[in-house]
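Okay, so chain A shows up in both of these, paired with chain B first and chain C after.
Right, the complex of A and B next:
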């Protein structure tokens, strides 16, 4: 029976294609039209209640930043534990499946915290970050991280882990750690820019 | 006491490496970034241990396993944070010792250490009787909640250090001047 040329890797190939297209879009002149179009959105963000609070009360902004850091710490912990298990360096005496699934449950909450606090922070300094290249690198990294996590890593580890090529599993774990580290590092770099 | 601390900070500030680290844009930022990003290892592991005790994470993994196995990466993370924290202090000593937030953070870190000691002591004494239960006993859960609370405030204080609301070179109330340890006639900020 004829099978699809993409075979079982259809979703992975589509996701990688989307990420590649996003990268090409971001690093060529193709983005210029969209960049100008979305400027009013960032101007509007500063006028929202979040933007008003973020700009008016430094303490509120800093407290939300701290919440963002705590979300980052928990997300990082989940990634390191889950991917560390796939690499065979953490919790090696607990089955893969339990570690990966339980870490994923906490990961979801940590990601939600990061997104909510991140939107609040973005509203407070919307026009500043609009002009910061490193902010866009972070958003690109974040989009890649979320796509990679939900459309590559998660479907892959949903299979019986013993049946997956160990090299593929380890490469996925390393890619996951690197992409989230990139998101965190570019986020930190926003603080040093502008 | 405040004068003694201030003089010590001025002495540290006068060492050539302190000025070099402070003035080096890339080196200072590398140290600060490492301090912040290591949160993912140190606090990431610590929060997972605390959440396990509260029954909110890894409820079907024995508590002792989570605590034992995540302890090593957590300690590696805290060691890096401690070293980079010392370097950050070394780069900006005078302002740091007179920051209200830095002082609160240091007191809370002592609180965290005492809580961690008591938490591990109580856990080691009783873990065999509840190791496989989703939630730890109440007093262990109290320790985990305290740990989460203390570290959350430590992170908030760490973030607040960057702001100059209560710096000694601005007019402050007598209370803030006392808590921050502002010294009469000080020449450096």
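Right, the complex of A and C next:
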């Protein structure tokens, strides 16, 4: 049986460690140090080609933003369909495996679209978002969502779904919906700020 | 051959238990955080509305 130096519960130990590290980072002064350190990065982002285009050519920014919103809508749809199926709420006449696997294939492209268009948009308004607390909530939600999806949810649903504890499966689906809802809500909040 | 199959099944069971435990921990953390976060947001809006309209 292949085991690592941390034993057979490697994934659980890593998950607990990441949550503990995130809590320590969020509730100590370490966060303030990093916040000041990365300010030059945001100043530099505004001076890049993306930054100039985003600031001076409104049509380009609006078009990329449309792509960002479509990516978010598709990602949200994948999450609702996949997790809704795990909760037994939608597409109950289609086998779990088909819904989960096909939604995951689309999810990957939607996430890639979100990240690429998001970087462009961030360059156009880098210093604005740097000073917005809600932007950092969104980044926290996004990092949590990506880690949760690829390190926790995907390996779990890769197993035979009938063998998984139904409470754990439903909690995972609810957590997935909550974390992506947070990302979407904070994203729109950025749009309505300043 | 039987021992190999048994070992494979044990490995899969351990993998499933590990995946389930990590999912339980991560999902609990996200659900608890979300409950606190949205409670705080709703409370903040209620206080603002009270300030505005009494």
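Convention: the second predicted complex is superposed on the first by the 177 of 194 C-alpha atoms of A that agree within 3 Å, B and C clash if a C-alpha of one lies under 4 Å from a C-alpha of the other, contacts with A are read in each partner's own complex, and residues count from 1 in each chain.
Just so we're on the same page, contacts are C-beta pairs under 8 Å (C-beta built on N, C-alpha and C of every residue); 3 or more make two chains touch, one makes a residue touch a chain.
Please read these numbers as outputs of a predicted model, since none were measured by experiment.
**Q** Output check: A:65 vs chain B and chain C. Expected answer is one of first, second, both, neither. What do you get?
**A** first
**Q** In the overlay, answer first, second, both or neither for which of chain B and chain C A:57 touches.
**A** neither
**Q** Examine A:74 and indicate which partner it touches, taking first as chain B and second as chain C; both and neither are also allowed.
**A** So A:74 only meets chain B here.
**Q** Report for A:131: first if it touches chain B alone, second if chain C alone, otherwise both or neither.
**A** Neither partner.
**Q** Is A:148 contacted by the first partner chain B, the second partner chain C, both or neither?
**A** A:148: touches chain C, not chain B.
**Q** Show which residues of chain A both chain B and chain C reach, each in its own complex.
**A** None.
**Q** Inside the complex, what are the residues of chain B that reach chain A?
**A** Interface residues on chain B, with respect to chain A: 29, 33, 36-37, 39-45, 47-48, 51, 56-61, 65-66, 69-70, 73, 152, 155-156, 158-160, 162-163, 165.
**Q** Sort out for me which residues of chain A touch chain C in the complex.
**A** Listed in rising order, the residues of chain A that touch chain C are 1-2, 8-12, 14-16, 19, 144, 148, 151-153, 155-156, 158-159, 163-165, 168, 171-172, 174-175, 178-179, 182.
**Q** Which chain C residues qualify as touching chain A in the complex?
**A** 7, 10-12, 14-31, 34, 37
**Q** Enumerate the contact residues on chain A facing chain B in the complex.
**A** 58-59, 62-63, 65-66, 69-70, 72-81, 84, 90-91, 93-94, 98-99, 102-103, 105-106, 181, 184-185, 188-189, 192
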